[in-house]
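Pasting a structure here, questions to come.
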Amino acid sequence: MNLPKPNFTPPFNITRASHVVLTVADLGASRAFYVDALGLIVTEQTPDTLYLRGLAEACHHSVVIKKTTDAPSCERVGLRVFTEEDLDRAKHYFENMGLPAQWVEVPEQGRTLHVSDAFGIPLEFCATMPTRPRLYVDWQKYQSGSPLQLDHFQLHMRNAPKTAAFYSELGFRISEYVVVDDKMTSAFMYRKGGPFDMVFFTAPGPRLHHFAYTAPEAHDLIRACDICGDLGFGDSVERGPGRHGPGGSMFVYFRDPDLHRIEFFTNHYMTVDIEVEPICWNRRDMRAAAPWGLPAQRSWFEEATLFTGVAAAAPSED
Amino acid sequence: MNLPKPNFTPPFNITRASHVVLTVADLGASRAFYVDALGLIVTEQTPDTLYLRGLAEACHHSVVIKKTTDAPSCERVGLRVFTEEDLDRAKHYFENMGLPAQWVEVPEQGRTLHVSDAFGIPLEFCATMPTRPRLYVDWQKYQSGSPLQLDHFQLHMRNAPKTAAFYSELGFRISEYVVVDDKMTSAFMYRKGGPFDMVFFTAPGPRLHHFAYTAPEAHDLIRACDICGDLGFGDSVERGPGRHGPGGSMFVYFRDPDLHRIEFFTNHYMTVDIEVEPICWNRRDMRAAAPWGLPAQRSWFEEATLFTGVAAAAPSED
Amino acid sequence: MNLPKPNFTPPFNITRASHVVLTVADLGASRAFYVDALGLIVTEQTPDTLYLRGLAEACHHSVVIKKTTDAPSCERVGLRVFTEEDLDRAKHYFENMGLPAQWVEVPEQGRTLHVSDAFGIPLEFCATMPTRPRLYVDWQKYQSGSPLQLDHFQLHMRNAPKTAAFYSELGFRISEYVVVDDKMTSAFMYRKGGPFDMVFFTAPGPRLHHFAYTAPEAHDLIRACDICGDLGFGDSVERGPGRHGPGGSMFVYFRDPDLHRIEFFTNHYMTVDIEVEPICWNRRDMRAAAPWGLPAQRSWFEEATLFTGVAAAAPSED
Amino acid sequence: MNLPKPNFTPPFNITRASHVVLTVADLGASRAFYVDALGLIVTEQTPDTLYLRGLAEACHHSVVIKKTTDAPSCERVGLRVFTEEDLDRAKHYFENMGLPAQWVEVPEQGRTLHVSDAFGIPLEFCATMPTRPRLYVDWQKYQSGSPLQLDHFQLHMRNAPKTAAFYSELGFRISEYVVVDDKMTSAFMYRKGGPFDMVFFTAPGPRLHHFAYTAPEAHDLIRACDICGDLGFGDSVERGPGRHGPGGSMFVYFRDPDLHRIEFFTNHYMTVDIEVEPICWNRRDMRAAAPWGLPAQRSWFEEATLFTGVAAAAPSED
């Protein structure tokens, strides 16, 4: 099996997973879940939008939650680039590929570029946001799972190897991947120096499987579950706490009131060095990938959030 | 529903759950599991018996594992009484009830009394054991789940209320209990000042559902799972880590190589005071009893260890 | 060196350390400290008294804080007995010893007996209190250090061996003790089945050195410090977090606004069995008793709370 | 006060703190300390050199310990660059500044460049190392403090602002800094996306104050102390466990048998974004910088490791 070749001189500098834009039926219910039950911080709330961030984040938002009367969906996956010049290069790059890219005004973000990737994921790039003080030493604000910062997105894609090849061109590198019968079924890709920024699984897509926040320690994952239980969100604990094979973290997955999925997990390792080979997991050897614990329930494997106005389709070799 | 009346002046002074005697097919496999994978301490091993204890225990053993060529089973549930005089009173008490009790020689225990309770559980009482240094500040010996001390037994009984009434006469008191349609289906009973020493569930019995050790903190439960995974015992993690309703602890359940079940859990509250009423849980309200997390798999509800030579039968009103 | 002989058939049944009665200059300041900064639960507040308890406690109070215009002090150390009959036996016992004992009315306690021990500690015994629901599964109420239950008192006494002998007669047993040059300088004594209920150090006394609550895990001790820092009580962290030799717990000591001292610590081992010998620590070997960490600052060794109206005096051989 | 201007287009791409080269009197004593007591992993040992790494590290070494008969010292501070081309650019850059740079053969490293910075710190740059499997899911290898990866160096420099200006030119950016009377006394600088890679304090220098490894959770710091105590290294715990102001981590500092200092600490936040301003701490407000806990002992402030053959001098305005 050939992995896509890493591109050490990408056309523009994507620095990290930045934010996700979700639509929901009831902002109050979302706030009760994300803020009261999980511990995210409200940076700002308008009549129809809720801007949230983690305790260690200085940028204005890492989740944007908008009220909709349509079916709940994911509007955009947000990525950060290093400088304004990178934004211009990004526009040029995508247009050269035949992917229409346009400047849009987005509240509480710097200049923002909208483009859909080759598989239909609606992306959003910006180089700056308004900032707020990091709350990382405001211990009273550490509540429930004490989410620190958005770390990565996991996406269901019709063809994980092709998606990985596309993002490799953008400078994403593979830290770990899973194979079944010598075929890659998932790729864990990074920009920021940990193992993940975007994770691609072959499955009906494109869909957002989950977005993930780091939490300080495993007991914070347990506390998030306990507080969910206290507040009537016990059923929102979909999977875990348990131990990941790839990445090696402790994890827990929650479903929000609109069934969007969020993961809290503990610390990751450092990547960056170019001589270190990606780690391969064989999915036929399930006890290698998940050394203990029950398999996830069916919903975890099958359910994911549609992107607004984007139809999902079955996996495809093409 | 009437709870059995507590007996504050019991006929003899049972102080605590003491030890369990199990039979297994392969001592080496048991040692690999209990010692290498879970972290119990070997006090002594003979050609056919393994004596284990927890890090904080001074008494010679809290689990005795004997090699058998028969089907694996539980030989005895061991209880401690305060003094030798209590042993004599125990013999007298049981004989008066028509339950034959006899003195037996048991290695590494003081004078020992064998008797089966009114429901067929083979009990074993003693007042002393040879002691070893507690290892509670020998930090290098804290390995895997770092089990500290045996805490309680959970038993499947044909009729939990009748069992609770029998043990109430012996001075056991109910800390918590579960009802379904105004009928008690389980009773958590104690002697030693925490909430549990013996727990009775109405289910086909008598059978030993599990025996339980305290572990210092929740991360020790996680480490026990991780080490099990490392050593090829990943499938032995049957349930959890998760949060109990009754008792409020974090727990994890393991199945040993002969399918005996052991629980590790974190800290408990203090009982003792006579004016505090037992806590009632309504099993129809499952999110009260288990505020988050998936239900246990079927094996946890249905499988348990038979007592040596004692047939189990279905629950019964009589 | 001869340890006092344990009395397995004490004249009345003391079950545990129950509560402490402190006087303070400013109830509001005490509430800010104990409730907001440390996480204790308010059962009730009257204009001049604050009744607090831990999360796992059902009894009405384990700390009583009274407003005074005099110098802050400790009014009483409270102990629980098992039944009302034990109270009567206690009165008889103390009067026979020439220690005046009298019934008093104390709010929110059952029948209460006041007596000073042979060394001047003002004691208070009761057999019952009004109860409240245990909050041990109300996870939102777990705040800061999440104190669970009052565990023990540490007292500075003019002569620890003599104090230990007095309390041995009452059924307290020694779990651990410290010697210097073959002389006992401290005795850790228990009734309830853990290693400590009352701890006696030879030092100018009688004085209350501290009272101690169990906390669930070491990270809860750290969180208590962090929240203290947030709320302007950073200087109240007097010692730790660190590791005890005797008892083996993680600990942290705080000074309240009136300089009363409170300890939070993690889990203890089980005692009870009569054949287990007390553990001896040699204070000349400081790295045995405190294997790592700096020694406590001078205030921890020298400062303690006076009992109301009781003069302290230097240690004495008599 | 003017902070040095960040350089977003540095002359070559330094990616991270890589490794430190120490000399010691007795390799066996160092191994007992770093491996048995602290939990570092031995990649390789030759008769006169010990190569160690953390559990999550793929590169051959992050500490190199060499036997010497001279006074123990620090030979080199190692930094990683992204590619071989960056190495060439580095050589060119330093030579242009008048800082002699030369290629050297170093075992178990790719092509290596030696150069001393403008203040006398002997640096070593390389772009690759031989790799080993990351051990981040080999749970049995998690021992004592479970060090994951080298994170940063702290250096005592004669003039922190000038040092910060020099490293700003190299692309290091300030995440946090401390001022006294409007003068910068320390600068926390990063390359890899966390808050620190190199930290500079104004103090007699140049000297290496410490190098630091991340540990998974606070209980791992405590376990490192406990194991140190078990193995006779209790006195090596110089400071903590405690809470940092800058960075917000839990920390503990150890002194190795040659008095080199190593820190273990818990997780850090993400930096990277260019619009986020450095955080300023005022050292006159000590409870801001260290909200609770005693100040470090004098040795922590005053003692540090000399660089081999480099004299230290008092702080200087020039």
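In order of appearance the chains are A, B, C and D, and numbering begins at 1 in each one.
Rule of thumb we're sticking to: contacts are C-beta pairs under 8 Å (C-beta built on N, C-alpha and C of every residue); 3 or more make two chains touch, one makes a residue touch a chain.
Only a predicted model underlies this, so the values are computations on that prediction, with no experimental measurement involved.
Per the definition at the top, count C-beta pairs in contact and tell me whether A-D or A-C has more.
A-D
In whole angstrom, how far does the Cα centroid of subunit A sit from the Cα centroid of subunit B?
44
Please work out the Cα centroid separation of subunit A and subunit C, and write it as a whole number of Å.
Those two chain centres are 50 Å apart.
Subunit A to subunit D: how many Å between their CA centres?
Each chain reduced to its C-alpha mean, subunit A and subunit D end up 31 Å apart.
Where in subunit D do residues touch at least two different other chains?
Residues 217-219, 226, 229-230, 291 of subunit D each touch two or more of the other chains.
Quick one: do these chains touch in a line, a ring, a star, all-to-all (complete), or other?
complete
Could you please specify the touching residues of subunit B with respect to subunit A in the complex?
217-219, 222, 225-226, 228-230, 233-237, 241, 243, 250, 287, 290-294, 297
Can you name the residues of subunit A that touch subunit D in the complex?
Its residues touching subunit D are 8, 15-16, 56-59, 80, 82-83, 110, 127-129, 131, 134, 136-137, 148-149, 192-193, 214, 216-218, 245, 248, 266-267, 269-270, 272-277, 279, 291.
How about subunit B: which of its residues touch subunit D in the complex?
Contacts found on subunit B: 138-140, 142, 217, 219, 223, 226-227, 229-231.
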